[in-house]
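In the two complexes that follow, chain A is the common piece, with chain B as its partner first and chain C second.
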Partner chain A sequence: MLYLELKNVSKNYDGKNKIIKDISLGIKKGEFIVIVGPSGCGKSTLLRMVAGLEDISDGDIVIDKAVVNNISPADRDIAMVFQNYALYPHMNVLKNLSYGLKNRKISKDEIEKRVVSISKLLQIEELLHRKPSELSGGQKQRVAMGRAIIRKPKLFLFDEPLSNLDAKLRHQMRIEIRKLHDKLGITSVYVTHDQVEAMTLADRIIILNGGKIEQIGTPKEIYENPNSIFVSKFMGTPPMNIIKAKVKNSTIEIGDISIDLKNSYNEEYIHVGIRAEDISLSDFNNSIKLRVDIDMIEHLGSESFIYSTIENNPIIVKSSEFIETKEDKLDIYINTKKLYFFSDKEGKIL
Partner chain B sequence: MKKVQFNNRFIPYLFILPQISIIAIFFLWPSAMAVYYSFILEDAFGISSEFVWFENYKSVLLDSDYIASLGFTLIFSVLVTFFSLAIGLFLAYKTDKSIKQKGLYRGLFMWPYAIAPAVVGLMASFFFSQSNGDLYNFLNYLGWEFEPKSDPLSAQIMLIFVASWKQISVNFIFFLSGLQAIPKSIIEASLIDCKSSIKRFWTIIFPLLSPTTFFLLITNIVYAFFDTFGLIDTTTRGAPMGETKTLAYKIYQDGFLGADIGGSSAQSVLLMIFILVLTIFQFKYLEKKVHY
Partner chain C sequence: MKTKQYASHIILVLMSLIFLVPIWVIFASSTHTPETILNGGLQFFLGDNFLDTYRSVLFEKSGYTKHITVLQMIGNSLILALGFAVGKVIISSMAAYAIVYFRFRLASFLFWVIFLTLLLPLEVRIVPSFEVLAKLNLLNSYTGLIVPLIASATGTFFFRQFYKSIPDELLEAAKLDGANSWQFFIDILLPLSKTMMAALFIVMFIVGWNQYLWPIMMTTEPEYSTILLGIKEIYQSNFEGSYLPEFNRAFAMIILALIVPVLVVILFQRWFIKGLVDSEK
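Let's turn to the complex of A and B:
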């Protein structure tokens, strides 16, 4: 059963350009949905429309069977965590946590009970009497989470909640957010432009591009079956290698090798995708050899990235060995079973 | 910050000299003169003068005129400060919330700021003139016997009205920029947390504006005490019977028109002390409630 539903939702700010273009989707109760996409693609706009902070130009938003288009943010029973935390600077942590509850006429005893349990859960018990200005970034983040959780809302909305934290803390909070979700089971919509967050947090990922849904699916589906070049390049570090190749009589030519296409295809060019981990430096079954020009090698300790090109197409190769070579050419072996083919004009999977 | 070392240790003093001399010439010197004259009694022709210690203060404080003026000044200042702050804040809040025509409202509400107090007074005397003043006619038409020339209450209300009106635009500008400085996400967080916009205003917006409000409170009180001088001088001149005389205006009347230099000097010293105490009090007690 769907808990949050968007039906043909559109948004334009100026009456001309549609920022959100006719989006429909359904989210089940308890799901953790992550919306990813490049900057300016409309992620925040979409989330804010669900929250009620932004008008809906067209379509319907349904939360728990009720159309909420004209319902105020306070009455939608949602909670939102903002990128810059948006804690009330003049209230201490305790008041920040209880403000939303007080306004909903929840009894003092109940508020106190929830404050105690939430502050324990988030380990902010010692901070209750501090002002937000006296907290570190990570602590503010916890309080902001607490302010959302304590309400026990129908829906959690997160707008890039971790992007103001340093890498280490971000990693730690990411794990905590997922743990909290598993514990509380509240339906969540989480906006980020960090694909690692998307892969690790989501039950399902929505990839947004230019105000349209590019693909919806579990992290595994998105990673293994990207349905466009855009998605394939967006998910995964390093991004999928894309080689633009000429098509001749249903065979493709890359360098001095040629690959047969299974299906017929009648554009002049085709884009061949291959992930870095499906390329090896030694021969194996179902592999074909490509000779590439080495640009640079990056050593990360546990692995090395080899940045190379073939016919002006950049190719990144991942190796678990420490690669050292004086040569400027290299033989790589790509797994023909793991090739993706995308159309030239639309960039869609074939 | 970079620390600059001067070869000659007097050079820094040279740099602050202009500022110091302005303070000295326009504040310290007159204040000292006021204190000096407040201890002096001159005869009516200004020929002989006598050092009388606190005689001038005594007669000022025992003067029922002075007490009446003090009473009026307090009520006047409180009401002018209250109305100009409240209305300025209200208009700023509404302007900030309006999406369309924001610039238009902002421009219109800011205009009165550019008008000098004396001109405001002049305009007021036209509007409230017995001979065909529009507001005069309107108020009388409503059935209120509004006679600022003869009825003290009418005159006082008129002054409070005009003095507040003049100050609203300044307050409006400060409040508007104060409102715009509140992060949007905090307003949005409160939209989710609290349904009632009135409650939101008092629990979130008003506290976050408190530095602005505190600053304006002090400047508005000072305005009501001192800067309304030109306004009074161009409208009532203390009329009908001295009921619209603020302390500052009374000092001017007694000193320049009444030639009671000693008495008016004593009054200015008292006024100075009063404002000083008031401001210290505000900083000491009210500032604790301000969230910076």
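Let's turn to the complex of A and C:
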């Protein structure tokens, strides 16, 4: 049963350029969906159209079986958490939490009951009488979440809610958001450009590129079966290594090695993808050896990243050892079972 | 360091004296009898006629026609200044709200039209304004005294700038929270612009209190006379009249005319500074 459905939704602001291009997707009740994509690809626009803050140029948005195209944001029964929190600066936390309920004419007793339970859930009981200016970033974040949850909305929308926090707090809030979702089960759409957030939070990830859906799938599917170079480079740290290689008679040549292609392929070049963790510094089964030029080595304590190149293609190798070498060349072994092949022109998986 | 502090204090004291001494001289003189002033000029020290002068000024009818007490004149000035300041704050905050938050055609054109009226102060358009009100039968009324003055380009401009600095997300959050445009204005925008309103109110109150040309044209009946008109009148009768010039009374009126604006500034300044200190944005 689909709870939120987008049917051929398009958006243009100026009547000319389509920012969102004919997007269709369905989200099940209780799902946590993360939309990722590069800056300017239309993530916020899409979210704001669902919220009703932006008109829909074309297509339909359906929430809980009702087309909501012409329904005002308030009546869509949606809550949204903004990047800059957008708390009402002159109201204390208590009033921030209850403002939406008061406007919906919910009784005083009910409001108080909900405030108590929400503030307990989010551990902001102590802060109820403070103004937003007297809160830390993490606390503001909690209050913003509280203001959204307290309404018991049909749908939860997040627009990069954690991007104003420092790395540590972001990590902590990420875990809390996921826990909260598991507890409350409210259908959520979460926009971010941080792929770690996407991987860790999502039931399913939507990758958006230039106003179009590039791929939809669970984090595992997206990571293991990216269907384009774009997706493969977007997900995973470090991003997948892509080597552009010449194809001759169904054989790929990289450096002094060659790999046979199983399927027929008739473009001149092909892109070969390999993840950093599928490259090793020592020989193993099904591996082939490549000799690469070392550019730089980065030590992160538990692991090292070796930045290298082969025939002008950058390759990043991950090693759990502390690598020190004076040489400028290195032998690496890549797992031939874990190679991805993408077409040259379209960048699609083969 | 020390000398610098002394120097700045000396400058401050000197400046204050420049402002305060004339006021003191007027106050001191107002406590003397008319004869003393006529014979001895302005007085620097307090006299013993304080109660007599102020009581008679405040409570006895004065002016050519002996129709109105100074207390009533102060009342008129207060009505004018309050109506003027409150009206300007309300009208300009609402005008700016419409211009900034409602996407109607001509919004920015209208804004510039309002802005251009800065080039046409009351003095320029006083004759047509007078005619309009005469035809509406509003001469000699508080409505006629106040309403033509309350449109404010400056106020609209300041509110517009302020609203523009408020992040859009606040409006969107309020929309999702189910607030309609009226609720957003009352619950969110107005409280946020408290400080601005206080500032605008102070300035406009004093401008309103000091209105001279418009009341003098608008009101022919003495019961609408403001304190400023009263001062003018008493001076006129001092110089033209055949009685003993009553400079003590004139001075007392000046002092009384000062008190109200000073109180307003002191009262609202507290708000104003508080707003500046705990900025809530």
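By our rule, the second predicted complex is superposed on the first by the 350 of 350 C-alpha atoms of A that agree within 3 Å, B and C clash if a C-alpha of one lies under 4 Å from a C-alpha of the other, contacts with A are read in each partner's own complex, and residues count from 1 in each chain.
Definition applied: a residue touches a chain if its C-beta (ideal position, glycine included) is under 8 Å from a C-beta of that chain, and two chains touch if they have at least 3 such contacts.
Fair warning: this is a prediction, and the values are worked out from it, not measured in the lab.
Bringing the complexes onto one copy of chain A puts chain B in a clash with chain C. Residue contacts after overlaying the shared chain place A:Pro73 against chain B and chain C alike. With both structures placed on the common chain, the touch criterion links A:Gly26 to neither chain B nor chain C.
By the touch criterion stated above, A:Gly137 is placed in contact with neither chain B nor chain C. Where the contact sets of chain A with chain B and with chain C meet, they give residues 51-53, 72-74, 78-80, 82-84, 86-90, 99-100, 103, 147.
Those residues of chain A whose C-beta lies close enough to touch chain C in the complex are 51-53, 72-74, 78-80, 82-84, 86-90, 99-100, 103-104, 131, 133, 147, 151. Residues of chain B that touch chain A in their complex: 183, 185-186, 188-196, 199, 203-204, 207-208, 210, 291. Those residues of chain C lying in contact with chain A across their complex are 167, 169-170, 172-179, 183, 187-188, 191-192, 194, 278-281. Against chain B, in their complex, chain A makes its touches with residues 48, 51-53, 72-75, 78-80, 82-84, 86-90, 99-100, 103, 147.
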